[in-house]
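One chain, chain A, appears in both complexes that follow, with chain B as partner in the first and chain C in the second.
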Partner chain A sequence: MGFGKYVGARVLWAVVVSLIITTITFLLLAAAPNPAIREAATQAALQGGDPSAAVERERELRGLNQPLYVRYMDFIRSIYTLDWGWSESRSQPVTEALLQALYYTAQYSIPWTVLTITLGPLVGVYSAANMYSWRDHVATGFAFFGYAIPNFFFGIILLLIFGVWFEVVPISYDTSAPVFSLQNVRQLILPVFVLVTGSIGATMRVSRNESAEFQNSDFMKTAKAKGVSPLRAYAYHVMRPTMVPLSTTLVGQLLALFIGSSLLVEVVFGIPGLGRLTFNALISQDTNLVLGSTLVFTFIAVVGNLLEDLVFTVLDPRINYDDR
Partner chain B sequence: MATKKPEQFDRVDWSELSESRRFDLSINSIGMLVATLPLALLWLYDYQFVGEREATFQAIGLSRNLDPLDYFFVFTLFLFFFYLILPLYQNPRMTRYYWKEFRRNRPAVVSLGWLGIVFVGGLIGPLLISAPEQSILTGHQPPVFLSIDEANVANCVGEVVNGRCQGTWQHPLGTTRGGKDVFAGIVYGMTISMQIAFITTTIVAAIGITFGTVSAYAGGWVDEVMMRFVDIILSFPTFLMFLLILYIYGAGLGMFILVFSAFAWGGTARYVRSKSLSVSEEEFIKATRISGASTYRVVRKHVVPNVASSIITQLTLLIPGFLLAEAQLAFLGIGDSAVPSWGQLISAGRSDLAFAPWIVLSPGIVLFLTILAFNFIGDALLDALNPEAEAESA
Partner chain C sequence: MSTRQPLLEVEDLTTTFSTDNGELTAVDGVDFSVDEGETVCIVGESGSGKTVATESVTRIVKEPPGRVRGSVRFKSRDLLEMSEPELREIRGYEIAHIFQNPQEAMNHCYTVGWQIVEALQIHRDVSDEEARAKAIDLMDKVGIANASSRFDDYPHEFSGGQKQRVMIAMALVGDPDLLIADEPTTALDVTVQAQILRLLDDLQEEFDMGILFVTHDLGVVAEIADRIVVMYAGKVMERGDVLDIFERPAHPYTQQLLNCLPEIGGKKGGIPGTLPDPLDPPDGCRFAPRCEHAVDACVTGDQPEEIEVNPGQRASCVHYRPGRDDSVVRDGIPDSTADGEEVSSADD
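Showing the complex of A and B:
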């Protein structure tokens, strides 16, 4: 199997996975009592009408009296044509609400991802080069600290220290701040810091352990003997092979963090992004919006895994496509 | 690890080997059965004869009620004791070796001590300390040795010095807004955390090992389908799925444990599969096969014990994720608010953070230390149980 074919098969598989996940979501929703119908029945009963007639009317209105497979085909079609319905709680189309939220999520996610991807391997290789020195121990301690401290708890504490006691950063998020302004930097610095400490630890550990292997390898000795400067030697001979195993774990970890932590961090810092949107949709029982944001997160996860696999095959030419 | 190893190679008890039949039970299994039987009977009694709203032990005057989660928790404790602690005692030589390797990692030894405290506190604490109760009048009491401005407290339990309310030993870690004792809350949270740790581990191990070995031994298209299934499980956004289930059906701690462990075994299954594929190529497996051992026996007696050490490490590193997820959900306030977990306490103190930071800080630090301890122990186990892994990464 050649590279092109492998990529094709992998993309096809991603589509199948996303289809399976949306199907399960649909079945979960189909099996559950719909809050809107209960609402209609309660309304009818309160106004002295017939609850069961109201339920029938509501079911017909929402197309719930059709057979399951018809509804399923309808559901799948509307998902892939981006017709995601109307958000009751926000009085706007679901896609529009999601796009607005994505705008705020991207403002802290992009710096966070860039910082983790660049700083993590750098610090990891650096501490492998100075293994068992105090710098290495500090870096290791920091990695474990960041890995173990719950993000939302860390966020609350930092907000208390820098927002309430020292008053260096604003406590509440101001949505009117321009993207590239000092005000925006000040209000986003804490969420970005919290997320980076949470995600950088794993990256640092992996790159430290992986690059330790290459420190004493023959090609490194040759490079040193030839008089290659340490910076160049580390950049070309240690960093590059380290990135290959790193790339397999990096995306998955970042995604897991993104889905879990972004929600919490947004709630703590009051950022009106995707996580907050999902949370508010859950609270206000806005089914269409809940479904929409679940789909967005699923889509991000599936695409992320796909990219991870593809990057891996590009970075490591030794991989045999037939095995996978 | 669960197998009984002779101390020396040249002394084999042939009579024991020749007498062993297929359904011979080891002392561990007998112990397990003997311990589980009363538990099952108690559950039956609870299920059949005790009313819906009555406590399990009402007949003998105790108010402690047991729900299905508690039964499962005790069951996993038995499993843990008979298949992990008892074998360690039965093989003192290996135990000494593991301990020697483990001890080299000092943070891990401290972590083990800390987890011991959490474990014992979670088991015995609720029996000794009464559950934290609401009493609005004694809200916002400061921890012992600390003080708070009198204006923030309705009724100071301790002394008032210079207009500041002093903490007392009655509430060693202070109280929340509603007057719930923070220390008691943390002890009750230990029980919840231990339940999550033990039950999820048991479920993940059971599904992961079964799935992995079956997949490895079935081979062919069955293997292919099973591994693709694992791919799907792994790319599932578990946290969101749980939010969705919570939203539609409402869910308590039991549902949380079920959903999270149902989506966490993918990695374990993959790992077990690759490991058992490599183990089944070994010479001793071939020798066992030639001697006429069935596949079940090979898997049960040779493959699983050989992958056990790596699975234990992997499971230890899974637990912190579950604890964190539970705390996050409780913090968001969309879990079962009746479950007295650490996350619940953190979220309870969030609004009073500026003047009563202990409500957030104490459970937060306990949660942080517990997650850290599991990570340290996982690291040390990795070094102690699989020396080859260390050689690879060093």
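Showing the complex of A and C:
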């Protein structure tokens, strides 16, 4: 069966890609000066000791006196065994810090992603069905507005209006709120809204333009001649083929927004998620934590692209995966 | 033919489209009818309104911007008076369509079986197994080898001719009374064309269908038609039995059209000139600007009334009006009085 082989090959490629990325990351780290060693030397010099002996001691302590390939093997093993080191700025293991952050990030990014991939195509197809009418113009205007306005700015404005003036949403994020509670909904509604308006524009425009092509297709005429109702025709004969080109752009768009916007939105709304964790790790020069969060984003990207490849072939039966 | 009951009677059918440049009249007051089990061909060059006329019958033209007026009586019900849901009951079940381009007429995301079953299950509440069995039976009937194993194949796995066969199978789900075939063989190569025409002929007998066949290919017309309706620029120019029209075409347009057939006329370059602007059609006969027999009476008023030129054959041409000498246009091909020498010299 060609499909099983194709999936296997794609998964294998994903593993190879992630290995290449971790290798490059390792080489960059190995080539860069380690701030901890410099600090040890400075400390020794200040206390009247021998800086070079202190450097030697520190290097031994951190295993840096080992040959490069041994360190590489150690590094790779620790990456894949999820032993990602100790975060000095947070005084906890890196994986623990990442998991805690992911818990908060997931709470807004899951509803955000679900809303984007359901509402985007729906609004897009609706817009195409009413092309150049006022409904289309309203939807298009809304899409471009969300697309154009910077997320963090939009977030601040909304927070000012609904948090400060109308006081319908809290202005500070409360981490103790249970996941499924009205309180959590209220504090997450603005960040989700801001992110959805930012991401739905691109999705909606792609679906609108792709489905415009399909709604004038010969097979739509066939469907009509068969007696298919307009609603069913749009659901089955327009929406379905539109998903194919959409799936190729969706993952990339969502990932770009996820990595870029989540940081800004988390800072604005005070959510202690992955974006803010990365930001703080960079500020406090916590190398292990920076490395860890970089790897999280990398793996999300690799897995996302893998899913996109698989979804694409499942959606479009014309794609031949036998030779790939 | 005379014992047959009229199945479809179209009267004064007018289909307009609103465009940015004004109202475009694609079909302008056209009448035609199809009897039970009969094949009627609408012929004419591209842009003459043939396709729009047939798509107006079940109103599958896009409305808006399209607008269909007139009367379309099918088994003594007026389709143009019906609501959308009522029409949907008839579409694909009592009146089925097949189209010009089988490559694009099926959705590439679904198996052919799914698409045939969809056509059936929209109209009748049948189980998936029953629908599948019926679909395979129909695929078998239209000549798809190994129908049961091809049920789950996608359209791209079929050749053009096979796709058109699948489209025909899809059209047959409701045992339709009328099949509207819009240039179903134009996109196919000649050998496949002949097979599809033969298939339609066989199925017409088996299912006792009337067929409304649109084509610009007079060779195809000669093979399948019982009666012909010649359209030009949204108007009917001439109508009659296939033999009469081929033997004694009355309207100069029909004569010119037949002259384009290589076996008959061999006239080089086809008919000089182009179709009139549908946004601003000329006064009088639509064909007058391209007609070599045009006189002053041809370019004033409306399209001339249809006049019986032979029993069962009618032409919309001023030259057949009482008191006029119709010899200038009568029997225009191939060795007519008007351009006989020209034609015979082209034959050399």
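Methods note: the second predicted complex is superposed on the first by the 317 of 324 C-alpha atoms of A that agree within 3 Å, B and C clash if a C-alpha of one lies under 4 Å from a C-alpha of the other, contacts with A are read in each partner's own complex, and residues count from 1 in each chain.
As a convention for this text, contacts are C-beta pairs under 8 Å (C-beta built on N, C-alpha and C of every residue); 3 or more make two chains touch, one makes a residue touch a chain.
What you see is a predicted model; the values in this text were computed from it and never measured.
Once the two complexes are laid over each other on the shared chain, residue contacts for A:A139 go to neither chain B nor chain C.
Once chain A of one complex is fitted onto chain A of the other, the partner contacts of A:L160 are limited to chain B, with no touch recorded for chain C.
By the document's definition of touching, neither partner reaches A:L274: not chain B, not chain C.
Touch counts on chain A: comparing chain C and chain B, the chain ahead is B. By the touch criterion defined above, A:F219 reaches chain C but does not reach chain B.
When both complexes are overlaid on chain A, the residue A:T298 reaches chain B alone and has no touch with chain C. After overlaying the two complexes on the shared chain, residue contacts for A:L264 are found with chain B alone; chain C is out of touch.
By the touch criterion defined above, A:A128 lies against neither chain B nor chain C after alignment on the C-alpha atoms of chain A. Across the complex, chain A meets chain B through its residues 13, 17, 20-21, 25, 28-29, 32, 144-145, 147-150, 152-153, 156-157, 160, 164, 209-210, 212-213, 259-260, 263-264, 267, 278-279, 282-283, 285, 290, 293-294, 297-298, 301-302, 305. Residue ranges of chain A in contact with chain C, taken from their complex: 217-219, 221-229, 232, 236-237, 240-241, 244, 315-318. Interface residues of chain C, counted against chain A in their complex, comprise 58, 60, 85, 88-93, 96-97, 99, 101, 104-111, 118-119, 122-123, 154, 156, 167, 170. Contact residues of chain B toward chain A in the complex are 231-232, 235-237, 239-240, 243-249, 320, 324-325, 327-328, 331-332, 334, 346, 350, 353-354, 357, 360-361, 364, 367-368, 371-372, 375-376, 393-394.
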